[in-house]
């Protein structure tokens, strides 16, 4: 145990109607990796915002390296050696990699009126090398690079900044860093963090408790704005932490395996020899009624593109898709929807919801046609439909008129799913349905998925973790380099072990 | 919430200032509806109106429409709402057909008024008992005079270019008709190019620059108003041709008079704005006070051309003395002193 | 609880309404004649035009776009109206409405099929439309002698109720029904709130957007007809000031320029506010020099008060 | 296999695209499309006027005419780059023009501060821009509305101060600058190019320039990166106001006269030029070079139409069609994503 370099004492922070932090004592020690866990709404993000100066405490004290700190924003925080990698990413799409890397700190290359662009490009190459992005051109536009590359770029940026300010033992806050990474990248990230620990402290926020337990020297659990536990390495396992987070024991089975049903024999979706040049080829699969099929593969394996083709937002070069035996051609999402395919996108705030509109508008989006009498909509029908789905999907919302932007991530996800259920989609493509959702809400989503399959919906799913894939699906299709390499059945009482599957993936 | 409160207070403050600006004086409201105070011609017009109102103890209300006919009509109606019959109007309609709704509104309210410049031929002043007079300056005559003076200065032969006013504007069309009449009588003159500069000085400058490239041998510039003539003149000056290529314009702007004096412009026409501003109100007030009886006025006194002042190098010194150095004294009770001819 | 939230949801409209009554009160204190029937008729005539063009404009603004061509459509409509009413009689009304619809449809096509931002597309079409108006008739046109009766259908009144109010109310009711009770109205809101999601949810974005622009053209056409009838004339510069006024009407009512929030009701209040502002300053006799300055300040203040900025993370 | 490498290896798919889309992509990069557009415009007019339009004299004329619009475009495009809008152009230019008109030797007032009028005008323009920026950032009002209000305010002030008078400028030196040339190159274009050079270097090589694009690209992220977004915005609006003032002095000097109409009808043409030049109205794309080409294209177009005697009735339509066509060809739809 090293010395304490950051300390927050009895921090209180309240927003209208909510107490976000209720007397939290929080500290970060030298050269440690601190895992911070808690459900959404537990106060993690408020705590982080206070640490980097985006918000101030109502009550309580904030000490940095023994001195009372008053930060007036992220840039001040960075100068004092606290930086954060935001969950949603913080790279500006129209700027180059190099510009993003040094944004806001160009002064370090000389204070002259003109920036030494060449020296900066040289320095950028070095920084990129350090996080395994040596092949990336510093002048390429960030909008054109992958999200994993963006994530690594952000970490490179923080590493560089910590050196720049000559801060002894900087504190790096990583908010859900692994959600956009593939397994191998996660490993690389962990090895980088492990190496970094020698000269920095890392606050690691994640919903993936296994990772937190594996990586962290110490784990802090928040719940309802209070600090529930401060656990040293090895003091708690995932189960114990989950208990602390949710306050009650979760089912022993993680993915509601006992509710898994066998699929019917009727082929709902038949894909034959689908090909999209350069992305994937020879993709064929049958999806049965009530079946959950998981698409597994690394980034670049082509699984994302397959799903986009099934959803109509990308058009395959060749191959055929048939729904209920009828051949279909998807030139736009509308075609796919008309054929009964619904997509629950990974980025629900941007792709799945109109967050500024209310719950009712979002749920009824696809079925307004059914609520007409003549040319006009009937508000009574709209309300009845929205109320039905709010109740059926257990959406926690103050009213049907509540704007979706005020709902939690889990409830937003349920609204998106409700939208497709209302439209009576026969096939759902769930793109990372539990990403960024807290443990309690995750379980609800799992139940929902099981219930849907039991009711006869066919589901194609892509999950955050291999365990989730295995646990949820009836069958897995493993893709690699644009081709199907293996199909693995996952019946409920004979689930394959992840170690047995991972070999096909990488 | 606090912000909203501050802003509500700001509204209250702004509006109490607005009310403080409101006129509280008593007397006859003398409405003057003109296009905009951004041009010198209407600015002088407003001064004439103010001067007359002051001389009889009335309240001058200047209304500008900034090119919107509908705003002009609404402003007039707003003053009627405020003053009722205790008002007279002098109006330069934004576009000619607008006199119809304006006349209807004023007639219905029983308010005496005088209009200037723009009126469709089909509309008869005599159909409206409160429409004291429609006064204009013949655009055709002015355009022809300007053309003739320009051709004279060129020795009767050569190429000219013409700059028209706003395309749809009646006055612009009339003046251009006058130019065409002058051209018919001058066989030695060719019209090399025509374009519009929309009454605007900057646009005239830019168009003239381009004209000079296409027609390096141009001998003169006919512009439908002084503003454009002055813009063209700047382009000519920049090309080092000032004095050689002469311009003509219309309105009698001070700078144009100076240009005539300097020999750079051949002619302009003063449509005495100060007189217009005062006389319109004076006529309307006389009708209101019963000094003239509109019903018994002969038709030609209800719609007539007034005297414009033609400016050439021949009379430039007396013009400068009267109009630039001083303000001409007008007898506001000499109602028809400037009468020239009836408008047919 | 439920009730409370509902009030919070439509708060900007209450603020706009408050603003409206505040202005009425201040102008009435400034000059009692402000609330006379005569003045009310004057104001509402102006409001009807602002409302018509604003109702069209708000359809486009709700999708997140902007229509800079409404002024040109009004001008073109006024010119064509005056040109054809002599020959076609009452048929002139549907003809120019179709013209407005067509112009709006063209805007929609350019924006959605060529995929050009609406600011640029409509800036371009406004030049094209105004040229067409000039080519049809450069000089101002009056109502032909035989057609005053037809035009006065617009200017007439039933008792104290002027026909333009009825036209304005019918138009408002139509647009309100469209926004609140049709799929198109919802579609416009969906696109404005999140275009990408709308596409992924299978909405026909192009069709909705084209219809929004077509409605805008229709609103402008009706405004052009009323304006033309009020002034008994038509000419190519008649609608020039309505581009900015229509936008002002929409935003003063509390509709966000970013789209997806606000709507037809806000536009009604916005046009009332702008209508009484223009008229009130003249009635209470503010120096004409100062009116423009006040108008500028008041639009900023009005938007500052009515516009709900809490929901916007970024102000552009 | 490494996921990152996989992502990289799948990137070069572009080679198989059809020719039309490759041409569009060529046109949408940097200013290549604008250069082609300018060449096409010049070529059409060269044929239409039998060569007059490409004579040395006319090229000089185009340059001298392009100078002031170019300065205004350079002013506006910065605001567009940060994703905002400035509609106050005309009012600010009129206000600066009227005020400076009374401060140089003139027949109305006794003031004659000579070249000191330049800093004074810039102070006025800058203040108006500052107010724009402050309303936008401090009251959090969309720039579209803030500057619309300021347009009316400044135009009204210009009329109040100017009282409608056209004020003759009697100081010949200003006119010599505005209408003069250096070795055949008009001074206004040199000044415009000077402004361009400064802005170009600022955009390409300074922190401030990076921040402009960062804000235009993603304002929230720019804020998180520690950029003082509000301050940068206020500065951008202020600089824009200052450049307006510069244009305003040249406008006054060119015509030796100032009045409250000096700024009339300058904003939409300038916005047209900025868009034709390839500056994205959604922010973050396009720079000073695009503004320069935009101004050149639009000026060459208007000059050519006068030379070709295109009916004035049709000129609006030609401008509109060229605007739509130019943007349709050069816009980078990939970067814009959503068309609003």
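For clarity, chains are labelled A, B, C and D in written order, and residue numbers in each chain start from 1.
Everything below uses one rule, namely that a contact is a pair of C-beta atoms (placed from the backbone, for glycine too) under 8 Å apart; a residue touches a chain by one contact, two chains touch by 3 or more.
Owing to the predicted nature of the structure, the values given are computational and were not obtained by experimental measurement.
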### Partner chains that subunit B and subunit C have in common
D
### Relative to subunit A, chain with the most remote C-alpha centre
B
### Query
What is the distance, in whole Å, between the centres of subunit A and subunit C, each centre taken as the mean of its C-alpha atoms?
44
#### Entry: Inter-centroid spacing, subunit D versus subunit C (mean Cα positions, whole Å)
29
### Task
State, to the nearest whole Å, the distance from the C-alpha centre of subunit A to the C-alpha centre of subunit B.
70
### Sites on subunit A at which at least two other chains make contact
none
### Task
Could you list which residues of subunit B touch at least two other chains?
37, 167
### Message
Which positions in subunit D are in touch with at least two other chains?
### Response
159, 312-313
### Task
Just spell out which pairs of chains touch, all of them.
A-C, A-D, B-C, B-D, C-D
### Summary
subunit C contacts subunit B in the complex at 15, 18-19, 22-23, 26, 29-31, 33-34, 36, 38-39, 42-43, 45-46, 49, 134, 137-143, 145, 227, 230-238, 240-241, 278-279, 281-290, 292, 294, 297-298, 301-302, 304-305
### Query
Which positions of subunit A touch subunit C when the two form their complex?
311-313, 332-334, 336-338, 343, 345, 350-358, 361, 365-366, 368-369, 372, 375-377, 379, 398-399, 401-403, 405, 419
### Message
Going by the contact rule set out above, which residues of subunit C touch subunit D in the complex?
### Response
63-65, 110-112, 114-121, 123-128, 130-132, 134-135, 138, 195-196, 244, 247-248, 251, 257-259, 289-297, 299-300, 303-304, 307, 309, 312-316
### Task
Quick one: which bits of subunit A touch subunit D in the complex? Just the residue numbers, please.
73-75, 78, 86, 90-95, 99, 103-107, 113-115, 117, 132-133, 135-136, 143-144, 146, 148-149, 152, 181-182, 184-185, 277-279, 298-301, 480-481, 506
### Summary
Listed in rising order, the residues of subunit C that touch subunit A in the complex are 1-2, 5-6, 9, 177, 180-183, 186, 189-190, 193-194, 196-204, 260-261, 311
